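Heads up, the next two complexes both have chain A, just with different partners, chain B and then chain C.
This part shows the complex of A and B:
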């Protein structure tokens, strides 16, 4: 990352992310939107998301709920006739939105952050801790609704209450820090 | 004996526990040794790539580098881990700028990665290394007449790493058949369960889970047989009650991971097959099979 970032277009910014480089080869055929498992919930469907990136309409796109409904089912990616990997582009866009402080209308942003914090702090996702923190941050009342399910998981021995100690956590932190120092993208 | 490096993934230590237990239970009778990767860390999963794509690759690369030291195929039962590990493995080979960043980060913790790891899904291992015939040869408790809807889910078959069909896969069907079961037609077998949104956008996920259960019921399945993905299994089994409350659907559909079904057919008992861990109990459904005595394995299996 350097001074050049200021002159970089939104399209360049996206295309420079891992697995997002083929975005320019999109022919707007709409197979991605037609295949998308959750397209009815997106303010802009996957095909439109790609069009908005290419038109440089960053704010319109990243303020919307689009991209955050991607369930990583990879139907778009398996079917795309230009092999542009739309699912990877959606996750790439998510990372730009989070880094640049956009606040799209979804709780998935908080879920992603809490999930990732759990990895950084524990080396692995510690499911009970992650869910507990997520509900505290978003809606503690929703956590009350989740109690029956949590109890069911507990009684079926599917929800350990304490995180395992993972030696590799320190290494993981070092790797992450190294990659921040070198400029995230 | 076949040896593999085994990467369970984080969910197997919690919500995926019954699936994990059944995998461990069938490994020995199938002459597989699953050696758990020492001191493994999370693959990053899709949420991390949504937070930072490059750091996410770094996190995944640690797993690949650790696995490379073992010299064995890296096998995971989690479909999400599978896709994440495969994608990172490809990107490190194809994207040289990224590979350089990752190499530097790994060297800071004394690791290197040369790109030689073969990432495999355990369902692919069961299908290709053991195979339906190999399974059939070990069946002592045939599941004759059991109507199953085989759910492959998304990431075991997509974005597609050149194995099963990415639209209508049938490996689970073939394996279930080799155990004596009767796989029903199940059009939504490779549609998503939405589990990545089950916490933050639960209505969206519950709607998808409802569609899958409904489709299985419409085709007269008595139970679902899932891939080993802990997220798929949890969505269909644990969240079934949430579907019932929202849609008044009245589902009582037992959901067995394929490895639980294999365990039953191999003659393991209810507990060994990790079935007490299932929230929707398959006890009644499977009672007739457990009631009959396991047949002795024929000394010679000419069909195998």
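This part shows the complex of A and C:
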């Protein structure tokens, strides 16, 4: 009986996340996996991810590399015949995984975090600072390859050297904090 | 006549008595004014239950009856009959619903009992004011109108005509036959579709009791069950059917080539044409919009070569005014157009075709004389068949089209038969092979070597990623039973397009005063117990206009609709419920608000008397006009203000 209680909990947990409420209406047709641009890298295809949620196999799913390969192209969501929104489910699962301390196998989260930090601080993307921090956090040596492109962007004035903040970043922070309290970030 | 009310509280086994204290309800009823007897009984609908009522009418002089039991939908006719057999007018009866409205929905027995008492009290007060009413009888015209000349219309027409009654069969196209005529073989028995259909078509064409009106449309319908008046527009064919011998020289000589609708635009037809060789009637039509003579004022090639002088450019639309007693709508379906599903590339990629295009191609009388060919004229060595295109998809149609699994597998069989050594792949979500012999056919196709992949493909593309994919169509999909994404290069992709309602289904429904469901299929009176009738008496439906279905189901429905019509014709008259609206002409101001409000067009304005009048045969007793009349001039028989007020008071006391 312990297993069946666990099953309900994980499915309910996922279904309660934003835009994940229709997960139980999936007919397992596989159009998401057939459309997915990165599915060949996934340990479990997007369709199977949904099946694993419904089967309550949380640990098996969150230990795998699957959800982290979602690049948010939304082809699955555009083509899903039941409007399940698989991409939203992947994102929901990512947030559960992070909260519960699963270690992501890709650099995606670092990228997202650095990107959103830049937005929160400046009200817009500050490309130079964002990429600088990202390479610092992941692999500083990889940044060397990017130097020619950075120089080119700088000389063509396509990338400002210093951050240009929008007006009212304090208000923006308040908004973001309120949203974060809802479990977004 | 002093009202003497008898109240009968039904146990309905434990359905009611399990929650409601029925004895207490009966006891309470005895205290109500004018009640002379109140009893409770196990099953009031049983013969002994009904006999209780009859006996009390005779012995105690009961002249008003209240039965507290189930919904009037279930047993009102039963108890009205019992009251009538007891010697009273059947409208001296009222039903209190203490099952659906009470015991089934109220958990607390005390509350349920109180509620049952209130409902009984309301019924008792109401029945006090009931008036005797007489149901009206109207005669039924023995002729029948059938709209739509596909297999459903053909079947229904023959059933009725063979019983010796006249049928008008109206078809908007130049020939009867419908979609079935376009098909090659029929699953699961693989009979040749035309071979089993054309004998029926020629029977229709020759039947003395069938007046076949092709190239015709319905302009206007009025009237009611047994007495419909219909205006039919016989569109100008520009060919005199009484002179034409059907030799076809006109089509041969016509210089204008147009895409053939019958051949799904895979072949050309002429501006003067019959859609196919076995057309019934075998009389061509000139498509005015395409004819050089009509466009430029010259040509007349058809006229010159016609030996019978049958071509008549002066012909005009003809309006036929007919009377019929019953109508059967068999207006059929339209194939879903897959071009909005961009990822499957229909219309963009050569060799992605629809199911009907495949049917025409594989048909020996079709544009390729039965050869399945790619755009380059070669035979495909591998074919992917994609199921559920436009079906089971909230973006297009949520429902299952019911025929695609089977015709998709039929295609696989035909491909193996036509192209030796061909590889065929079925992409399905679920195989629905529910009919007689269908599962066996599935098995047969598997044995023949067709490969089944469970998975709705993500896309069909011509962008190759490997040398093997070059020049092919690539189906990208997940075999969901393996759980891996794959790409499969093939020569041809067939899309199993679903069935959808005709584009003008709503307009048709409006014309015949019936309704459409969410997806625009016509709504039947009851989905299980009355599947071919509609909410409008005398109007029946059969075939795919009611919902997606295969040929056997369509034929069964058409015969069922014919049987319903024949029952009415045989009886010769119909009874009309007496609870209709009645206009007190002394109070009517002639404002005509009711004329517009009436959803059944039952109220008309009488010019010479300056008042509105209700046609009782058309009135369904919905009460809309009663509520809408600014002068309070409309009385709803059996739902008078007095009766309704008494009922409300009864509940509140």
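Just so we're on the same page, the second predicted complex is superposed on the first by the 170 of 185 C-alpha atoms of A that agree within 3 Å, B and C clash if a C-alpha of one lies under 4 Å from a C-alpha of the other, contacts with A are read in each partner's own complex, and residues count from 1 in each chain.
Just so we're on the same page, contacts are C-beta pairs under 8 Å (C-beta built on N, C-alpha and C of every residue); 3 or more make two chains touch, one makes a residue touch a chain.
These figures come from a predicted structure and were not determined experimentally.
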If we overlay the two complexes on their shared chain A, which of chain B and chain C does A:75 touch? Say first, second, both or neither. both
First (chain B), second (chain C), both or neither: which does A:124 touch? first
Does chain B (first) or chain C (second) touch A:35, or do both, or does neither? second
In the superposed model, which partner reaches more residues of chain A, chain B or chain C? B
Between chain B and chain C, whom does A:111 touch in the aligned arrangement: first, second, both, or neither? first
Does chain B (first) or chain C (second) touch A:48, or do both, or does neither? second
Applying the touch criterion given at the start, work out whether A:27 contacts chain B, chain C, both or neither, answering first, second, both or neither. second
Overlap the chain B and chain C contact sets on chain A and report the shared residues. 75
Once bound in the complex, which stretches of chain B touch chain A? 10-11, 13-18, 39-42, 44-55, 57-59, 61-62, 66, 80, 83, 87, 91, 95, 98, 101-102, 104-106, 108-109, 111, 154-155, 158-160, 166-167, 191-192, 194-197, 199-201, 204-205, 208, 234, 238-239, 241-242, 276-279
What part of chain C is in contact with chain A in the complex they form? 343, 388, 392-395, 429-430, 454-459, 476-480, 483-485
The answer for chain A against chain B in the complex is residues 17-20, 37-38, 41, 68-69, 71-75, 77-78, 85, 87-88, 91-92, 94-95, 98-99, 106-108, 110-113, 115-116, 119, 123-128, 131, 134, 138, 148-149, 152-153, 156-160, 164, 166-169, 171-172, 174-176, 178-180, 182, 184-185
Residue numbers of chain A touching chain C in their complex, please. 27-36, 39-40, 44-45, 47-48, 75, 79, 81-83
